[in-house]
Structures are given as structure tokens and as C-alpha cells.
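Chains: A, B, C and D, in written order; residue numbering restarts at 1 for each.
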Amino acid sequence: MALDKNQIAQRIAKEVQNGQYINLGIGIPTLVANYIPDELEVVLQSENGLLGIGPFPTEDQIDADLINAGKQTVTMVKGSALFSSAESFAMIRGEHVHLTILGAMEVSENGDIANWKIPGKMVKGMGGAMDLVASAENIIVAMQHCSKDGASKLLPQCELPITGIRCVKKIVTDLAVLEIDPNGGFRLLERAPGVSVEEIKAATAGKLIIEGEVPEMTF
Amino acid sequence: MALDKNQIAQRIAKEVQNGQYINLGIGIPTLVANYIPDELEVVLQSENGLLGIGPFPTEDQIDADLINAGKQTVTMVKGSALFSSAESFAMIRGEHVHLTILGAMEVSENGDIANWKIPGKMVKGMGGAMDLVASAENIIVAMQHCSKDGASKLLPQCELPITGIRCVKKIVTDLAVLEIDPNGGFRLLERAPGVSVEEIKAATAGKLIIEGEVPEMTF
Amino acid sequence: MINKVVASADEAIQDIQDNAVLMLGGFGLSGIPENGIQALLRKGVKGLTCISNNAGVDNFGIGLMLKTRQVKKMISSYVGENAEFERQLLSGELEVELIPQGTLAERIRAGGAGIPAFFTPAGYGTEVAEGKEVREFNGKMYLMEHWLKADFALVKAWKGDTAGNLIFKGTARNFSPMMAAAGKITIAEVEELVPAGELDPNAIHTPGIYVQRIFQGKDYEKRIEQRTVRQK
Amino acid sequence: MINKVVASADEAIQDIQDNAVLMLGGFGLSGIPENGIQALLRKGVKGLTCISNNAGVDNFGIGLMLKTRQVKKMISSYVGENAEFERQLLSGELEVELIPQGTLAERIRAGGAGIPAFFTPAGYGTEVAEGKEVREFNGKMYLMEHWLKADFALVKAWKGDTAGNLIFKGTARNFSPMMAAAGKITIAEVEELVPAGELDPNAIHTPGIYVQRIFQGKDYEKRIEQRTVRQK
């Protein structure tokens, strides 16, 4: 059965390694924080100027001057640091952030990503996404395998205006875990529980690389 | 009679205007601070990371962590701010500092300045001087008119490696106050008390522009 | 110390003319110059170019100035919270330049720091790169980006002193320190204005050299966009 | 929070090898990593390239490492307080690259911030410009300068926490925040090491993300170069 948003987040959390500084994008990526094992020492970066994002505040902790990049009220943890946007993107551009997890509208088989604009329909802006994908050493995309009308979002090449080229390393969808092959193509690593390779094939418009048995995900 | 160092500093202090942020170089320029009238609101910048330099400390105020760019122990005034070297030179390069007063070995008649190196003899480095002269809107040089062996330091062109080109606006020496003419040449503005125009002419190797009566300095 | 205090927001912005280029601090609605925006609405100055990470929401922040059609052009990184904005954009009433957030922050810093251009990898290979110089350094591709400056910068701080020194709070700092340095005239409004000497010199985020005018702000609403809470 | 604490200066620098490129914080003798320098002397590592605004004095700071001939090359802006330095330089034993102080600070910042090159007016028309790309922006001439990075950065702070967050004191801050970001491995020594959570997040100068190792320093001499005093 296809994963729900929380399960996608839960599976991505397994990619997190001890000692990492991590930037979580808006949407499913934000949920990843809920599934990072307590025994891992990691620090979450918010590009509006916070290292060490804590949980949402209780009613009486709410502070309008403390939000994350999704404009949600947050708290700090012990050892947090606050800084300007220039310093924040110095960290990102300077490759001090190890892992970026973000959403996408489309990913191409060479690792291009599109997630900021639908010409004529939607103009929200790229925010920090172009900076993040241009610099993070590891970029994982969290998204639905297909759009609401059933079109594959894993494509030979992106049709929407792109956010960055050859940058995505891994993709976790409601159906599968895939990595971008250095020579191009989506290498199928894991299936969602109960989802067949055939279903994933049918939902993937770009080149799908399948080698041997493809295991089911574990959480 | 030729001015002493303190008198040069005192004469330069008259150039200071209310509301200015000022960088004072090592040597005579540092002495200028002693002669700025109390009624002027000005702020002294030290390029190692301090806005609002106060007087030297008393014995019991000495703090090894609070020095000026000449490595002298200093104090802060009310309203001081501390910052990094990158921020300090952002202020300088970004033309937020209005007035720079510094020493020189040579000045040329088009406003070039040399003050950092004597090939084969002395290699101390340029420190912040090249940044300062490249960006300050007003640059005043404090120096002796001639070197110890009597050679003029106001030249047609600099003979020593230069620190910056076409940047000096005004020069205050032990003999005279001069400004750089936009078309080239040292325009003689004031004589030191008792010093004749002929004496200044004799001590100036570069083109000297004299128009009408040249008044004596007042302090 | 130089005293930068002015009496009110209206006095602080009185010489902002039509067609001025403004920078406005804030990320979303956090840290925006609420008093300055209200004064701009009162003054009714038009044809403004506003450099700000976001464009407010429909009925708060810069969104209010969009409603009154005072803004000719927005230079931002993300504007996705504002229906009136989207309407004016799609109808062609509003010019918009969208810039990657880190590039926006660094271009503003460069403006204050006297750096006319620098190289960044953000946007390489995308439509952001169109018309820009591309260069390879150490095997990676970069775009050349230019500084941004403004006629006026409007920033809001937590505490400030009469010499113009500023301390921000939490994530309300965001773009304001760079904007303060990049504005020809920088106007700071503060929640608490204190005499010079009361702020710790070692804790100051924006040194007073960057601030030309400062005033005690009032009636801060500090609206929250996404009120997310957990149970105790 | 990630714990960055190591037991001693010797442990912190144990993997610094011959011919490493180091950055060392400090302006004159103010804010230098005294413990780190002592450990480098004990380890006897050689062929070092040291990026530091100054080169210490004859018998303190980096000057000690010049005496033991551990330094192959100095990259600095001002080195005029050191006779041994001048001797090694004139005899050709020591390579020296002199850089305008603001350019040095900005090149180090660029290294930490992922900016491979930028433009500055400092040094245009001088021998510093030799071999460099020159470009005009808005009628003014600028040089293109490249980022500086280091294998290891050694910085000294006033207070630090176990997560690597640093607060400097007075003018001892100088180059250290930029160096912390520009070092592949950044080693911070602090006068006072506290548990994560004890420093005000809003007052931190160097966020812990830039610091890989931190230790409690000891026996700080904090030598003063120019002891200038006035009478009470």
C-alpha cells in the first residue's frame, strides 16, 4: 500500500546520520523531525536564521519572533544559535549543512529538480531552494510519485522551470525509495510495503533501473 | 616655524565635521583624537573591530582584549560597538566611514600615496591602508614635508610602491596645508606660522600651485 | 556619540519620495517595520520599488501597500502568501523580480560592504541564470551576481540605542542587518529605545554607523502566519 | 546537540600533518590561540602555511613557530613587529604573501560562505593588482579576489559551549569568526567552556556548525604589545 505523508517522513528519517546538520523544507520534510531517533545527535537548520530547531511551542511559549522557514512558530533547543539570513546562507552555500530534504514537483533521471514555478499558474518564488540544491552535499527529495491527476513526477527531463541541475541524490515517494544513478536513471532501491515493482514501473516516466530483488521498505 | 607632531594633529582636527565616522591611522593620526572639539559628535573607528574608541585606559582599566589598530590598549565610549574584521572592512569598503587620516612616506601630485613598503629595506605590510584609501570619501594625509635626509615627500609621482591611486584629498605637513588639485598639483592652502612660501616651494618636489596670498594656519 | 533619534515614523520617512527604492526587513511577517509601513501608507508615496524577502499577506505588512497600489516593483525570493499580489502580478500591474533567497541576502550584504559583484552557484542552469555571466571555479559552475542598494532601508529591531546600535530578537533578525548597511538612509524602529551605553557593545548585531535615523516604535501587532502549537 | 568537546590542545591538533594550511585567529597578539600554538610547538609539525593577520612577535604567538622554522609560508596583512620574521624573509627562508587587511578578511569570509570570488577596490593600481582580473563597475575600478580556505582553523574565544557555539570578547574577535567558517576542521579553544544551553542564542558570534572541536584552554598569558595608559 502506498505510504502516507508521515510514513514517507519516517522512511526518510532512516537516512539521517549522527552528527549531521540538516535543513528540512516545507511540507513532508518538516515531518521528518518527528522520526529522527533520539540517540542521534543532529541539528536542524532553518534558513531564516536558526540552528537547533526545537518542537512546536506550547500555547504559553508562542513567540512571534521565533519561526521556521515555513513561518510556523517553533522553539529552540539547548545549544541553539540565531543569526542573519546572510550568515544562514553562508552556512548553506559554504556546504556546512550536510543534508537537505525538500519537496519537488518533478525530478528528472539525471537529478534535476523543479519545485518553484508553474508558468502562467503559480508564482510563489524559489525562496531558499535554489541555494540549498546548489550546495548541499546530500539532497533527498520527499514527494508523491504521481501528481493528483496520475501523471508521473519522475521524468526523463523536467518540464517545469527547474530549481537546480544534477543535484538530487535520493527520492522517497509514497511508492518507493530511488537513487539517481551517476549515469542517469532512477535506481529502484526499495518498494513501499505491498507495492509491486510493476506498479512502480507504471508510475515512473523516466528510466527506471531495477537490479535483482527489490526489497520492501522497513521503518 | 615648522609644526611638531601634536600641532600637525591639532591642525588636522579642524577638518573634522560634526556627525562623522573617522578612521585614524597609526602615529600622528592617532594624536588627532586629542584635539577634536568636545562639542562635535564624531565616532572613531578602529579597523580591528571597534566603533567608538575612548581614551587610553587607566592602569586598572587595562584589558588585553581591547586594543586599537596600533595594538595600543584603549577603552570604549558610551554607545560603542564591537564586530569582526569582515564587518569592519565592510564598513570601510562600503564607504560608511567618512574620513580617513593616515600617514605616508610619499604623496604624488595626482593624489597617489605610498606608505607600506621600501623595497629591500622594510616589509611590514599594508595592513588596512589599501582598503582605507580605496574607499574613504575623504582622505587626509598627516606627514613630515621632507624625509630625515631632506628629500621632499611631495613628488611628481611616487617612487616607492604605492598604496592607492588618486585618493588623497588633503595633506597636512609640518610646513603647510595642501590639497590635491583635480587636474594635478599640490594647491597650497596654508603655511605653518612663520614658514614662508619660498621655504615650502623649496621643500616640494611636485608641482606646487600658489594663488594669491597664502594665509598662515590658525588652530 | 552621534544622536540619531527622530520623534516618529512619519518624521523618519518624510523625505521618501515617489519612485524611491526601499529595502524592508523581515521574513514573512516576522521582524517587519510595522510602524514604517503604516507611515508610508499615511504618506501615500507611490511608484515604490520594494526589496523584501516576502511581500506580506493580503491585509498586513507590505500587502497593505500593494492594496493601495503604492508599489511598482517587488524584488523578493518568496511571495506565496498573498492573493492580491498574485492578482496584480498576473494582470501585469506589478513588476516582480524573484531572486534565490541566499543570493538576495548576499547581494544586499554586498551592497552594504562595497562589493559590486560576487559569484554564487545558486540558480546555475535555471532561468535565474539568463543573461548572467557564468564562470567555473574548481570544477563547479557559478553565476556572477551584483550588489543591491536602496535609497532607504526600513528595519525593525528589538532594542536600539540613541547612537543607532541595534539588537534583534530570535528569527526576526533575518535580512535587517544587511539592509541596514545597504540603505543610503537607514531608518530603524525599535521596540525599546535606550540611551547610548546601555547595550552591551559585544552583543550588538547592527553597529550604529549603518543607521541614520532611529525611533521608538509603538503598537506592534506581530501577527503570526502559522500558529503551530503542541500540547503540554 | 552534537558534542564537540575534546580533552586538550594536543588531542585537538593531533591530526595536523606537515605542510598543512592553517588559519590562526588574532589581531596582533589579541585573541590568538595560545594553547593551540603551544601544542603545535610540542608536536613539531613542519612546512606549515599560516594564514593570520599578523605573525606574532619575536618570542610570542606565531613568532615562536617562526623560531622553530615550522612555518614555510605566511599569508598576512601586517608583519611589522617581528625581527626574526624580517630576517627569514630577507634571507628567503620564509615565503610571504601580503594581502590588504580587508581583502584578507573578506577572502576568508568568502571561503566559509562558498563564494569563490568577489570584487574589491583595495589594491587597484598597486602591485597587489599584478596578475589579477580588473573590472569596472559604476565607473570605479575593482580587482577580482578569490576565497581562502584552510585544512585547519585555530581560533580562541572567550566563552564556548559543548555544541561549539562561540562568543568572543572585545577586539579579540577580529578574524576568528570568518576563520572558523573557512577551516575544514575548526578547533576552538575557550577561556570558559559551558554546557550547551548556557549561552544566549541571540548573542553568539560563531554558531557551532562551524566548529568541529572545542576545548577548555588554560594558562592564558594575553600579552599586551603596546601598553598605553593615562593617569586617573
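Here is the rule we go by: contacts are C-beta pairs under 8 Å (C-beta built on N, C-alpha and C of every residue); 3 or more make two chains touch, one makes a residue touch a chain.
Keep in mind that what you see is a predicted model, and the values were worked out from it rather than measured.
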item	value
Chain separated most widely from chain B, comparing mean CA positions	A
Cα-centroid distance, chain B relative to chain C, in whole angstrom	36
Centre-to-centre distance between chain D and chain C (centres being mean Cα positions), rounded to whole Å	33
CA centroid of chain B to CA centroid of chain D, Å	28
Residues of chain C touching at least two other chains	106, 109, 113-115, 120-121, 169-170, 202
Multi-chain contact residues (two or more partners), chain B	82-83, 89-90, 92-93, 135
Pairs of chains found to touch, sorted by chain label	A-C, A-D, B-C, B-D, C-D
Touching residues (chain side chain C, partner chain D) in the complex	106, 110, 113-121, 135, 137-138, 140, 142, 146, 167-170, 200, 202-203
In the complex with chain B, residue positions of chain C that touch it	1-3, 109, 111-115, 161-163, 165, 181, 195-197, 201-202, 204, 207-210
Chain D residues within the chain B interface of the complex	27-31, 53, 76-81, 86, 89-90, 96, 98, 100-106, 108-109, 120-128, 158, 169-178, 205, 222-232
Partner chain D, residues of chain B touching it in the complex	46-50, 55-59, 62-68, 70-74, 82-86, 88-90, 92-93, 112, 123-131, 134-135, 161-165
In the complex with chain C, residue positions of chain B that touch it	19, 21, 41-43, 45, 51-52, 76-83, 87, 89-97, 135
